[in-house]
Each structure stands twice: as C-alpha cells, then as structure tokens.
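Look for subunit A in each of the two complexes below; its partner is subunit B in the first and subunit C in the second.
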Partner chain A sequence: MVVTKPKGRKGEEMTDKKHMRGMKQGLDRRTFLAATGGVAAMSAFGMPHIARAADPVKVGLVHPVTGFIAYSGNQCRQGALMAIEDINNAGGIKSIGGAPLEALLGDSQGKPDIGAAETAKMVEAGATGIVAGYASSITLATTQEAAKTNTPHVVDVGVSDKIVSRGLKNTFRLGPGYGKIANYAVDNLDAINRAADSPAKTVMIIHEESAFGTGTAGLLEKRLPDRGFEVIEVIKHANPTRDFTNIALQIKAAKPDLIIPAQYYNEYVLLARTLRQQRVEAAGIYSVLGGAASSFKFVEEFPEAANYIMDCNHWYNPLSKEALRRKKAAEDKGLYYTYEVYLAYNAVAFLADAIERAGSLDKQAINDAMASSDWDAHAMPYGPTAMIDGQNEGGQPVNTQVLDGKIEVILPDEFATAKPVFPTPKG
Partner chain B sequence: MINFSILLPSILNGLTTGALYALVALGLTLIYGVLHIINFAHGALLMVAMYLVYFLYKLFGLDPYLALLVVPAAMFVIGYVLQRTIIGNASHGRDENILLVTLGLSIVIENLALFFFASDTQVVDTPYAFDVVELFGAFLPVPKVIAFVGALLTALALWLLMGWTDLGRAIRALARERKGARLVGINVDHIFAMSFGIGIGVLGIAACLLLPTYYVYPQVGHGFVLIAFTIVVLGGMGSFIGALLGGFIIGVVEAVGGLVLGESLGQIGIFVIFILVLLFRPQGLLGHRA
Partner chain C sequence: MRQLIILLAIFALIALTPLWLTSEFWLNAVLLTVYAALLGQAWNILAGFGGQFSFGHALFFGTGAYCVAVLQIQFGVNPWIGFVLGGLLGALVALAMGFLTFRYGLRGSYFALVTLAFAEVFRILSNSVSFTGAGEGILIPLDRQASQMQFTQLSSYFWLICAITLACFLTVWWLQNGRLGARMMAVRDNEEAAAAIGVNAMSVKLQAIALSGFFSGLAGVFYAQKFLYLDPSIAFGPAVSVESLLVAIVGGIGTLFGPLLGAAVLHIFAELVRHVIGDEPGLSMAVYGSILVIMVLFAPRGIAGIGRSVRSVLKGTGDAGR
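So, the complex of A and B:
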C-alpha cells in the first residue's frame, strides 16, 4: 500500500493547542494525525495491502518546535527532514524494496512530559524509530518512553550523560555527551592558554538552569581547577531571563580573565549585548555548547561583538565535501547550518543505515544493527563510529573561533582551518 | 552575598527594566483594571506590535523610535477592531467568556506568528544599541533611559486622558455603572472598544521602546504578561501611577533579588511581594477599596 495522505479528516483533540508551526515544508501534526488516522481506518475496512514491500518506514521526529527553545527545535526538524529527503531521493531503504522514509512530526513544546506523550503517540502510530528530542531534559523522557516498546531511539542533540547511562537498550547517541565535551573544553582551553603564556587564571561560569547548563557548569567547575584555573563564581539564570545587566555587573565586579557561558541562544544574545553595553572586558569568552562561534546568525547580526569569541561545541567537518554539500543544501532552504541541523540529519541517517542493514522493521534487529554500527557517512570531525552502551565513542566536539567575521575551526589540528587568536587583542 | 559596589548600578538598572514592565502594564491596567477585561491576549498583542516594529525596520529601515508614529496607531486600530468584532461579540458580557475568548485569541495569534514568521529570534540592530549614559558610575544603556522617560510620559498622558477628557470620563462612568452610562447617552460598545484600543495602542509604544534592547519571537509575550498582571494588582487596579510605581518596584526587586538570592531564584521576590500585597493590601498600593 502506498500511503497517501487522506484529506478532510479532522485531527483529534490534542494535548497541544499549538498545532501550527513555523516550518516551510513537511507535515504538521494535523496532517500526521489525518494520515495515521486514515491509514488506521483503511486497515480497519480491510483495504488490500498492495505492494507491501514499498510501505513507507515511519520515523517519529519529536522536537520542541514551539516554546522557549522553538528555534532550535525547528532547526532539528529541518535537519531531520533533509536527511529523509536525501535518503528517499537516493532510493529509500533498498533492503526493504526501496521503502521510502516517512516523517511523523511531533512537538514537545519544550516540555519533557509532552515529549514523552508525543513519542507514545508515534509508537502507537507505527513508528519504526524515533529521533528526538533536542534538549537533554526532554530526551530523557522520550528515550524512556520509547524503551517501553524497545523502539529504536536515536538522540539528535541531548548532551546529558544520563541519557545513555540508564542501560536503555534502544537508545543511541552519535554526538558526544557533556562529560566528554567538558573534558575536551578544559583540555583545549588549557592548551590555548599555555600557548599564549597563560594570561588567563580566573574564570566565571554563566549557565542556564536546566539539565544542559547545570550539568555542563558542574563538570567545568570540577575540572577547571585541575588545570590551574580558579573558578571565581558560577551564576545560574532562568529561561527566559529578560535582563542580563545584573549578571554583567557581577562579572565586571569580579573581573575574571575568562567568561564561560553555557546557555541557549536567546539568553546568549542578551548576555553578549549586555557585556558590551557594560564595557566588560576579559581576555576571552569561551562558550561551552552554544555561543557566538557556533552561530552563523549571531556572527552575521553582531559581527563586532562576535569577534574572537571561542566555543567548544558540535561542529561539522569543514574539510568534508559531504558536509559542505549539506551546508549548501540547508542554506538554499534559507536555513542557517547550525549544529541542530547536522546532528538531527545524522541521527536520521544513522537510523536509516541501521534499518538498511537489518533488512527488516524488527525493532530488536535495528537496535542490534545500531549497536554494532561502524557508520562513517556523518561528515563530522569524528573518529570511527563505535557504540558502547549506546554512546558513540568516536564522537567529539571541536573548538571554533570567530575570526574576521568567519567561524573557523581552531582545534583539533587535523580539522583546523585557522590558528587560535588568544588573548583577545585590545582595542 | 551582596557586592555593594554593584548595588547602586543594579538598582538603577532595575528602575529602567521596571519602566519597560510598566509600559506593558499600563495598557493592561486600563483594560483589566478599569474595564475588568482579563486580557490574556496582552502578551500575544505585544508580540504582534514588536513584529510590526521589526518588519518596519527590516523592510523600510524605519528606526524603532520613528516607528512610534505608526505602531501605536496601528495597534490602536487592531485593538478597537478586535474588541468590536470578536471579544465584545463572543463574550456576551460575561467575564469568564472574555477570559476564554482572549486566551483563545492569544493562541491563534501566537500560532499564526509561528507559521508566518517562524520561531527564529529576531533583533533590531540600531547604531545606538550599545550607547550608554554614565550615572553615578553605572552604565545605563541609552535605549533603556529612553524607555524610562517614555514610560513616565505615557503614564502621565493616560492619567490626563482619564481625568480630564470626555473620553476618560465616559470610560470611568462605564467602569462604574454600565447601565447608568448607557442611560446618559454614552455609546457603550464604542467606549469599550476605544478603551481596549488605547490599551493595545500603549503596547505599541512599549514595543517601540522595548525592541532596541530586546528580541522578538512568537512567544516573547509570555515573559511579560505575568509580570504585567502582577504590576496591575500591585499598583492598584486602574491606577496608572500605581502601574508605574509597581513596575519600578518589580524591576528593582528583581534586580536586587538576583544579587542576593542568585539570578535563578531572584524572581521569587516578585511573587513574594505579590502575595504579601494580596494579603495585606488587596486593593493595591494606590488602588481604592471597592
């Protein structure tokens, strides 16, 4: 049966009032419900299953496309949809008769409970695998929900290490977790600092209050003193925080050599602007997981404020032709090629590769295929894929820096496109 | 632990932030405080006004402060038409209906914004965005100082309007005794819509003064609407000077609370004050006992 989308069936009562969304293509949830409802109805009436082999393989995409992290959620969704488009254009899942992938779209609204409910709905609707859920707190909920039915779940972003340390056999993550990222961030910061004769000794950490910011800050606070940095103060803030003057004032009073933010985008924009307004000067701003040096949008909108800022974050391999092709494809769609886009793209592509190798929709077979995967088409600065308890040990972050209005990779050397400039030149 | 060297800058900053809150609350105190319309769409309409400012800047290069000539008037018209066509008709004069209608409106408006404008955070980058005024060693961003003055002038204008014009008298008459107002020849539907329009028009002013220091995205109103309700109750329902004062208090409490309790917990102070006011002075600081 080739699934078409029957029109005219009203979407059922939803837990979510916000059913429209800011996306340019793909399905919205109403269409999804109409489609799945329609399919269920057709099955009930005993429609003949023609061409069974080409039935689409349903992949559930659960992202926070509304709510306070809607921008990131939408970027994730677009990245995932790009992967589905590429895979279908290349002939779908060949081992299952060229079955195309079909996206089931869900909105977690930035809330873990709703993310779990959306995941349950998709499993119910016949999703073969789930790709979710951007924020760590939401991903903890979606993975657990999918685990109840052993449904394969690939984590797109969610950096909390708790996600892969609960023994869930259905949960896989290609990207690095914040433990690895924090270690890497501290090691490289130390290396950059030493190379410049150690101008930075004191550090202040500014982080958002959810699992991602708090967890990252905690790890940094623990690791930085080992490398001779003194953490003067750690400031936690709410989402949204409407005004950062207070925080800027505290930074100004404490005069740290380095400022390390771990925040979501909106708050980062306000903090960066306020630091300039309040004339706060430091030897460097070094963001961990999110910051100017991983945001094309920020660099474009505030080129001066962004200059010399360094990040330790997910990034694509700037030397990979495939990465540059995807980047161009995203930009042709009017998207910034942010980490959400390529991590979600890879999550879907990784899942699709496992389904291809499993050659069936059997959930256990797909989970096994992921657990033993050595997939290498990620176009990321990663080593070989090797899953240990669902975590890809080959995944790693890189260091980037904004130099002359461009985002350059400065570490590790084998992927670098520029040398670090540190400390920030005066004037 | 309080660092005293930054206490004064923090308080001054709290006052300017409070002025922005007051601007959002001024329109609400007219709609909610005087007319008793619980306008849940206030945040969504603030977002609409902010997008208007943003697009005027983006498409025509119009400075947010020049947009003051256009956006408040446009928002007034939107408010007037909304009240005349949707809120007034759908509520059938019952408060609980109004609550649901405005809540529904806010959902529709926000999702339309999400659909048409996407969820990207948008900012207006003006040449003066990073300019500051130095006052007692504190750097006050110029756009916030302008917003502070703007809030004072807006409160004054509303106070004069309510106290000294026929329209103001009609609005007050309507708030106190609807039937009586109709009996003496006041066009109740028109005056209702005028008040709603003015309240929403003030949001237009707020948007123009807010955007140079803030950003806009479809849910931006959420962060302001609860604060605005708090300010209205704190200042006294329907009191413009009360709203102004309430805004300043909330701004300062938030700033100092952030210093004392930590940024994450600092906002608690706002709601502690809110509860205390409800317990001990339910009519608000400058409100009259019903």
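So, the complex of A and C:
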C-alpha cells in the first residue's frame, strides 16, 4: 500500500547532524541538561501525539487514478508526490524532528463509495491527513469519511461549494469553489466584452453532467443575463461522451456569439476539435473551469483548436519564481504542469505547513493550525491564506488565453502577462 | 431445512464480525461484501428464479436511494419511514416496468435491453428535474443519530445491512421451498409448459420482479444513508446493474448461496489482489478481470456450481463436465 518510501532517511541524518552541530556551538550545560531532562521525562510518561524523529508522517492521497477521469487523477497524484519529495528534501517536518512525509496511495476509481473506503483505509493505516479527491462527488464522500475521525482533509480540486458548506471541521480548501469562479468569470467576461465594444450578446453553455459542470452552468445561466448576455441554450452531456458532432452542429445552427464550455479534459478536447472540424465560428470560446483550455497538453497537441480560447480557471502566479521552479520540476519529470498538479501540490504543502506549526500529529491541533493559517508559499494568485469555515477566502481563479501557442494570463491585471485578444480574429 | 440452518449459521457468524474484527477498513470491506450480496440476491430473484435477465437493476436501486433522500430533504420525512417507502417504491417501479414489458412478451435479450433503457431514462430524468438536485446531486445532511438512520459506529451500519440481506436471503430460501418459487422456476424453465399446467406466468413474473425491486430499493436506501450523497450516475448508472448481475453470475445463478459466494470472492478477492499487486494504477483491475474471465470460462455455473460438480464427482454421478 505504501508506495513512496520515506525519502528522508539519508536526509534526516544530515539534518540531525546539522542540529547537533548547532547544539554544540550554542548551548550551555544548564540548557542542555534541561532539554535532555525534558526529553527523558517525555519518554518516561509517553507523548503519544509527538512522533519520534524517525517516524514518517503519513499522508493519504486518494485520487481517481483509474476510470474515466484517470488522467486528472494521476496528475493530482503526481503533484502531491512532488510536494512530498520537495518537503522531504528540505528536511521534512522540522518541528517534529525532521520527520519525513510518507505517501499512502489510494485509488477511488472515480467512485464516491470507493473513495470513502480508501479514506477509511488511509486513516486506519495511520494517516495524519488526507489530500483528496479531484472530483466533487468523490470529495464529498472522502471529507465525510475523514470527518468521522476528525482527520484533517485538504481538498485539492473539488469545486462544489457543498464540500465546505456542511460544517465539517476537518475540511479545508485552498482553491476557490465554483460559486466564486462563476461570479469572477461573468465579471471578467463582461469587462473583456465591453473593452471590445460588446461584440458578444448571445451565449451557449456546454457542460458535463456531474456536480461541477451542472453547478457551474447553473450559476452562469443565472448571472449572465444580469450583464446583458442572452443565454440561448444550455447543453448538458454525459461523461464520457466521445462524439460531439451533434452538439457542434447544434451550436453551428444556433450561431451564438460566445461558447462557454465547462467540462473535464477529454470531453473538452473532443468538443474543441469538433468545433474546429465543423468550422463553427463565434466571437470567442470562453471556458469556465475548462478542463483543457488552460492545459499545456492541449495547447501542444492541438495548437490550432486551442488558439484564442479564453478560460477562467485555477492558475499559478506566472510572476512567481517558485511557481516557475515547480513548473520546470514537473516538466523535468515528463509531466504537463496542469491545474491538478499545482493544486494537489499546494494541498499537501498546506497540510505540511499546518503539521509544522502544530508541532505534533494531534489531529485537532493540525485542524486548528489550518483554520488559523496565513500560509502564502502557494505560488498562486491568492495572497495569504484566510480560512473561513474551511474555505480560503483568498482563493481566486484567473483568466487565461491561448495566444500563439502559449497560455497567457490576461486578468487580473496584477498577474497578467498579455492583453486579451477578443473577438477571435477571423480565419 | 438444512439450508436454512446453514444460512442462519453463516449470517450469525457474519454478524459477529464487528466483535472480533478491529480493523475498520476490513470491517467496511465485509460490509460492502454483504451489501453486494444483497444486490446480487435481489437480481437473482428475478433472473435466477424468475428467468428474466435484467441489465438495469440500477432502476430499482436508484428509486429507493432517491426516495429516501428526496423525502428527507424536500419533505422532512424520517429516513426510517423512507427506508420502508424506498423499498416499496422500488417494488412499485419494478411492477410498472414488469407490466409494460411482460404484457408484450418481452424475454431474454429484449427484456434485458428494455431494463437497461428504463434505468437510463430514470438517470436522465433525475439529471433533469430539480427536486433530485439534477446533475449537482443530492446531499443528505450529516446528522449522526440512529433516529436519522445515521450511525457513529460502523458496526451499526454493518448490522443494518446484515439484517436487510438476511431478510432477502430468507425470502429466497422461502421461494426455493414454497409454491411461488416452484412456479417461478417452472416459468423460468419453460413458460409455455408452465402455462399449460395452469401457472399464470404474467402474475408469477410480476411477483418476482416486485420482490427483486423491493430488495434492490432497500439496497439503494442503505447506500444513500451510508454515503449521504447521490447523483444520477451513482443511482441509475450502469455500475450498480453490473455489480448486481456479476455477483450472482460469479457465485451461481438460481442458488441460495451463490450471491454470497460471488460477493465474497469479488470483493475480498479484489482487495487481496490490490494488496498483493500494489498501487500501480489499473494493474490490480487487469489481474482481477483476467481471473474473472478464467472463472466464467471454466466455471460457468458459478462458484456454487463448482461445489455441486465436486460433490457429483465424489458421488460418481458424472455430471461434473457439464
């Protein structure tokens, strides 16, 4: 079950030696005796929640690494493992003797009940915290399962607002939920459209059928008319869908000014390619949480279909050196630096920071540390973390656009690397 | 009577599991096994005894699951009442579907395809109407009290599913030994011949599908109360239908213990395979699938059939090759 072996054995020894050198240089006899006496007393009376230096801190990673969303699940897993590797290379959890993180890997197979069972397995195997579960429906099950034992649970991707609105004290999410994303998307779409003399007046929404797509589409349908957009049709499709010809022809017949997809990666790619094949023309494609529009893989593999697509999605801070370092590290491992990778990376890093500050493996202490966290080493456009009922209020999406084969941030201005190109140039 | 004693003894042993099994994970695995046995036995009533192969048992499962969830969320009905109503509504939907299909004499693959279509229709409907939460799904609020059919202890869920499954197995035992079961098997073996000796095939098949729908509905209620979240794919998607028939086919169709054996092999074995193979994505499922293929090829009458074959060989009656 435990796949990644603790990386820190060698590193730990080095860290311990460094500590010892520091102690020899900086401690007087009295302080040394007091410290060793304290440690002896702790050993004698037992401190069950404080790990010994050699004990790895187990973190359960539950993702859909098989099934119809396996690509995203695997990306999440890789991102989380990257974080663990980085943390261990940096000396592990220093407040508990440099304990390394150890990943317990679980596969939800894309099913909530399996996700819950895997979470139970992780907790029983001694997981100090859980990072899960990519899809909203799975995350609803994993958070609830972890809540039974008050095990800290960090949500990596799941965007349903229901995840953090149930009053679970163990559940935290750094990224934004779809309510905030949809509002942000509508505001920015309006701004982009106005700046171009409002060429877009009609909209078609294409979304997948699960909680993420349906919830996002529902919010957009409600809010877009307030900004003067007419939603002429909302098309829902099943997961998986492998032929988008009919949907593309429906869009072609309706001739909307804007096409708004909210889908998982595979379906998004197929839709974008079919729109291209069917020569469907619109003023723009403006995705909200588009599974592929902000994906380097998509841009690299289908540059023509991707060009000029805009997206409102999770994205790293392109001006952050740390974000660029992580991106390079991911690419060096042969990974595309997709949102799954950096959101899962941050979920683990956030949990590790909380364990570090809690200074123990006590679950309540870690939950308290997350609730009061102001962690800002996420390399995201979030600012310092500010948790309210488990939701980071600073979490926000950005607008990106594919321009000349590159994904550029176009909004907000403080993180922008390019100006929006809208409407899409003809031809 | 011997089968009844064995059945009660097995369930007594299963019910004792929480008293000695300290691992919550393994207790949960046994719970899911018993739950799968319920799904399989419910399917077995219609297919194994009634002779009507269904590919759409998710229809009854989803009906029960949504019934308890919607009644709680929209109307504030206590889930224990929803539990009974979920089973009854599952039976009612089964009766309606049975009436529509049997009256036109649909059998075999035609009946199977129609059941699949019905489940798909319900999936799309639940995805479209607002009172089911549509595609966003429906979330039952956490309220861990026995009065709300939510338990703090896993063992309570365990004993609940044991009780429901035992009721289903006792029903099958009663069918095996009663007139209704005999009529069902007569219809299964030769509908025309059964009709010729005065069996009302339509009525018998309707009773079989109602019983099957009732227990599938109860399984749906249990799922809803255990996981507290439903969406159309979970409730009416093909996964539940496949699990229902797979458990019964692997264990042995038309037998009392087949679904229990099938569930045990599929679930416990799947976990063991994952433990042995490790976490390489999908590899354990490939091994699991291969072994299933081998089983279906070499033990077409299921695990229960292997037992029978062995007994026949030992007695020298010589039908082991069949």
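Please note the rule applied: the second predicted complex is superposed on the first by the 373 of 427 C-alpha atoms of A that agree within 3 Å, B and C clash if a C-alpha of one lies under 4 Å from a C-alpha of the other, contacts with A are read in each partner's own complex, and residues count from 1 in each chain.
Following the convention adopted for this analysis, a residue touches a chain if its C-beta (ideal position, glycine included) is under 8 Å from a C-beta of that chain, and two chains touch if they have at least 3 such contacts.
Keep in mind it's a predicted model, so treat the numbers as computed, not measured.
Aligning the shared subunit A places subunit B and subunit C in steric conflict. Contact with neither subunit B nor subunit C is seen for A:203 once the two complexes are overlaid on the shared chain.
Applying the stated contact rule after C-alpha superposition, one finds that A:57 touches neither subunit B nor subunit C. Judged by the touch definition given at the top, the superposed model places A:105 against subunit C, while subunit B stays out of reach.
Legend: residue contacts after superposition of the two complexes on their common chain; A:162 is shown touching subunit C, with no touch to subunit B.
Contacts of A:70 after superposition on the shared chain: both subunit B and subunit C are touched. Once the two complexes are laid over each other on the shared chain, residue contacts for A:215 go to subunit C alone; subunit B is not touched.
Residue contacts after overlaying the shared chain place A:292 against neither subunit B nor subunit C.
Once the two complexes are laid over each other on the shared chain, residue contacts for A:236 go to subunit B and to subunit C alike.
Only one segment of subunit B in 37-45, 127-135 or 271-279 runs into subunit C in the superposed model, and that segment is 271-279. When the two complexes are laid over each other on chain A, subunit A has residues 65-66, 70, 74, 209, 236 in contact with both subunit B and subunit C.
The touching residues of subunit C, when paired with subunit A in their complex, are 23-25, 28-29, 32, 127, 134-137, 139, 141-142, 152, 223, 226-229, 231-234, 239, 275, 278-279, 281-282, 285. Only residues 1, 3, 65-66, 70, 74, 105, 107, 109, 111-113, 116-117, 120-121, 123-125, 137, 140-141, 144, 147-148, 160, 162, 166-168, 209-211, 213-215, 218, 236, 239 of subunit A touch subunit C when the two sit together in their complex. Of all the residues in subunit A, the ones that touch subunit B in their complex are 17-24, 65-68, 70-71, 73-74, 209, 235-238, 240-243, 245-247, 249-250, 252-253, 265-266, 269-270, 273, 276-279, 297, 301-302.
Considering their complex, residues 3, 5-6, 9-10, 13, 17, 107, 110-112, 114-121, 123, 125, 129-130, 132, 139, 141, 213-215, 217-219, 222-224, 254-255, 258-259, 262-264, 266-267 of subunit B touch subunit A.
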